[in-house]
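Down below is the structure, laid out as structure tokens.
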Amino acid sequence: MSEVVVLGAGMHPWGKWGRNFVEYGVVAARAALADAGLGWGDVGFLAAGNTMRNGYPGYVSGSTFAQSLGWQGTRVSSSFAACASGAVAIDSARAQIQAGRCDVALVVGADTAPKGFFGPLPGVRPEDPDWIRFHVLGATNPTYFALYARRRMEAYGATTDDFAAVKIKNSRHGLENPNARYRKEFGAAEIAESPVVADPLRLVDICATSDGAAALVLASAEYAARRADRDRHVRIAAISTVTPRYPNTYLDMPDIATDSAVGAALPERSFRDSIAHAAYEEAGLGPGDLSLAEVYDLSTALELDWYENIGLCGEGEAEALLRSGATTLGGRVPVNPSGGLACFGEAIPAQAIAQVVELTTQLRGEAGARQVDGARVGLSINQGLFGHGSCVIATR
Amino acid sequence: MSEVVVLGAGMHPWGKWGRNFVEYGVVAARAALADAGLGWGDVGFLAAGNTMRNGYPGYVSGSTFAQSLGWQGTRVSSSFAACASGAVAIDSARAQIQAGRCDVALVVGADTAPKGFFGPLPGVRPEDPDWIRFHVLGATNPTYFALYARRRMEAYGATTDDFAAVKIKNSRHGLENPNARYRKEFGAAEIAESPVVADPLRLVDICATSDGAAALVLASAEYAARRADRDRHVRIAAISTVTPRYPNTYLDMPDIATDSAVGAALPERSFRDSIAHAAYEEAGLGPGDLSLAEVYDLSTALELDWYENIGLCGEGEAEALLRSGATTLGGRVPVNPSGGLACFGEAIPAQAIAQVVELTTQLRGEAGARQVDGARVGLSINQGLFGHGSCVIATR
Amino acid sequence: MKPRRPVVEGYFEERADGSAVLVGGRCDACGAYFFPKRFSFCRNPGCGAPDLADVELSTRGTLWSFTDNRYAPPPPYPAAEPFEPYGVAAVALEAEQMVVLGQLARGTDVAALHAGQAMELCAEDLYETDDAVVRVWKWRIA
Amino acid sequence: MKPRRPVVEGYFEERADGSAVLVGGRCDACGAYFFPKRFSFCRNPGCGAPDLADVELSTRGTLWSFTDNRYAPPPPYPAAEPFEPYGVAAVALEAEQMVVLGQLARGTDVAALHAGQAMELCAEDLYETDDAVVRVWKWRIA
């Protein structure tokens, strides 16, 4: 099965304006089409990531964007996988192309996010694990991030200085990204003054919730080969949307308990490790091949977890890798050259797509002042609530 | 691209129990796997249709069912397209198979429905067309069904006796379906006593909202060819998930106005006509090839619209076709031999899948007392809010 | 007396003479109308112009279809207690070449309606809050 | 005095001696535990047995991780006014080989906690309604 090609990438800048998410998505879609030199009429399939906080149009994001761009009979899909929604949408578009059902597909994700903590939608739902964890335990997303962060401190000796160093690095990276919401350099003193939200994490350790949109134009290798702009083409070498293997003994949102390891063998690798592993297997590549990575820094500490999950270093070695400068722009394998969620905040269905927009920009060599020199292979990774893996490997 | 094959079909009976939708989905999934002689461990991809009224697990139905069947790393998709969700899930599974990413895929849809009219989720959302139509106009789903029904009366001379005849036919068909919720024969006198909900439609003209589930096991033609049960295989010849073409001048839910036809040529065919047309084109078949059809009888009158939309007769001729007996079991092309929504009620993400379960059962010759003699080609069709087409053609 | 306010901003206006008019969007580039306007851009795929002008829609049209609702809808419909049945009409506007829904004016005899008859826009109370009388557009026989 | 009720039915029980115990499901076929039970069937993909027995989980375990929440969560968390910070602990149960979350008992000194220390289950008030005192399980230092 030949690899699909990214012909166009576009975004609506991240921010907090409270406008209709559809507007953001249309801007990003048109930007991606313009980048590809194509029109909406060239699109044979539209795959979108849903948003659950914007009424019915957000549940049927594919048809919502198709209607706003202008009904033309296009087949659509509207997928949800929490923070992994964008990866599932990219995967849906790729499958349609590889199944021979279209030459060109458009992928769109857009969101308008509420302020503050994400909470469940209204209602009383004792059968909904997402409702239970909020009502019974007050276990917000930052609560889980803090449990993971504290675990690094207890198990590997991480310090809050390490977490601050992630923030300092990403805030510097994002300075040069015109689509970033926050373009401001943070220093250790300012971080130390940030209020603690969920100990050991401070407000600046935790990503905000944002408005934003991202879009990609994908095409079959055969279609792409006929175009004149082949030097800008980026190939999708792998998409991993794996779920966990039982028993999943690492606490994942929104569960209030892990699986029990009684009565079943532990899987060969943890869920987070398995997300990247499946992508490496599909791409025939390994961690040593990476020029850069975009990882989901919902919290500063979580970025360190991902270093290990994607194989940049061994378990417990992420702090040392960070301190070595390897993951800073100019280092061996810059992580979050875009500035990451630290500079963007979360716009749930757009986020995994935005990661691939950054990979595309970097692999084309069009990233300007934040360019990773000689970028050849990029990996993006995240994880959605309820067991959704999301990893894309792109090459040029 | 070779056609995918239905290896297994299963359902949870339709009813109104108020249990967790996940239970229904697991029962249907296991029934489909058992029917296919396969286990959950054989499944390489799980595509599910979402439900929007059951909290977060319903938004991520694919991972919800994967977790309940037991995490095994399976890739999943969770799609929503209103009443067309099941078709989009089937299409998602087919694309993964045809893209060569798995041999066997499981498709699941399940719902627990509230009583009474479907209404929007809580909140105030003036930007959500589905909220506007309820708040501003009281335009419930039956309001739209009634507008369509009245239009048939005004434009084509349909009568409420015709609508009653659809109910009588489908109630007889459903008598023999063990998965139907309502297994009771209706007569004209009883129908005439049913209260008017939205004139000209009575309560018995309008389908109920139900709990239920349906599942399919799909496989590549190559995988299927290696099996011993080839005489039971049914092939998916086409799936149409088209959206409208602009301008869409027929009033569709949840819009409160149609597109304007000023400034653009009318499309060659109406949206509903185009749903079936795309499927016929893909299958290389036409209305004359059909042995049976399952159409979305949200109301009795709407079944008559579909006769025309799928080409069983010309515009305005559906009442005559119905009266001729052609669409009754034993006629030329029985419509809704399952009993249709009249006997099932709506279980949104399960419905389009359940239609294909019926096609499968009929094409295998396993439909018992409701068997369509010599069934070779079956079509199922429906339409979801926000411009979602849904049509499957299956052959044996 | 409580002040009046429209049930949703920007969908319609009431004039001093008691008449009402729907406000939609019109694309200067291709001529298309949209109701409600919802977005600033044209949704004709052959056009896609970035701006729509506010435009008053025709206040008269012909009846395309109609119904009479006998059961109370769920929220967010502001159903009166006791429930008051309400008609809904779909009216075709000639200049705009589009069909627009509205409730039927109170007292309209639904049994006497037929497709093709002339209708005109009006406005009536939909519900009251503590602070305001909330108004909505409706269709009545012209 | 208002009667006590658990914040959610079936998740835990309080005993006459003041102690508390979590109630989960256990599969007789493969031995797996589930908390909460949620469904009647086993979610071990290698098992899938149709029934789970109700089972009391270990009331003692070792601390896996912990945090202290300083900001009020959104609804449906029944935050007190003024907001009262609360700790959350993840505790590993040896027999069940699983980690279970709970709030930390009021007054626990989070700064003094460390992974691996012994914890035990208790119950405390979570909030009050007009009719009842609503109780929840919590972890405290053993």
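Miscellaneous remarks
Every chain is named by a letter (A, B, C and D) in the order it is written, and numbering of its residues begins at 1.
In this section, a contact is a pair of C-beta atoms (placed from the backbone, for glycine too) under 8 Å apart; a residue touches a chain by one contact, two chains touch by 3 or more.
These numbers come from a predicted model, not from an experiment.
In this structure, the chain pairs B-D and A-D differ in their number of contacting C-beta pairs, and the larger number is found at A-D. Of all chains, the one whose mean C-alpha position sits at the greatest distance from that of chain B is D. Each chain gets one centre point, the mean of its Cα atoms, and the points for chain A and chain B are 34 Å apart. Annotation: 53 Å between the Cα-based centres of chain C and chain D.
In this assembly, the C-alpha centroid of chain B lies 43 Å from the C-alpha centroid of chain D. Mean C-alpha positions place chain A and chain D at a centre distance of 32 Å.
Across the assembly, chain A contributes residues 20, 67, 70-72, 120, 122, 127, 129, 131, 246-247, 259 that each touch 2 or more other chains. Counting partner chains per residue, chain D shows two or more touched chains at residues 38, 43-47.
The touching residues of chain B, counted against chain C in their complex, run 116-120, 122, 124, 126-127, 131-140, 142-143, 146-151, 154-155, 195-201, 246-247, 249, 251, 256-264. Chain A contributes residues 1, 20, 50, 52, 54-57, 59-60, 62-64, 66-67, 70-82, 88, 91-92, 94-101, 120-123, 125, 127-131, 241-248, 254, 259, 267, 274, 278, 384-388 to its touches with chain B in the complex. Every residue of chain C that touches chain A in the complex is listed here, in rising order: 38-48.
Residues of chain A touching chain C in their complex: 20, 22-23, 26, 30, 40-41, 67-72. By the touch criterion stated above, chain C contacts chain B in their complex at residues 7-9, 11, 24, 27, 30-36, 38, 43-47, 64-71, 73-79, 86, 88, 90, 95-103, 110, 114-116, 126, 136.
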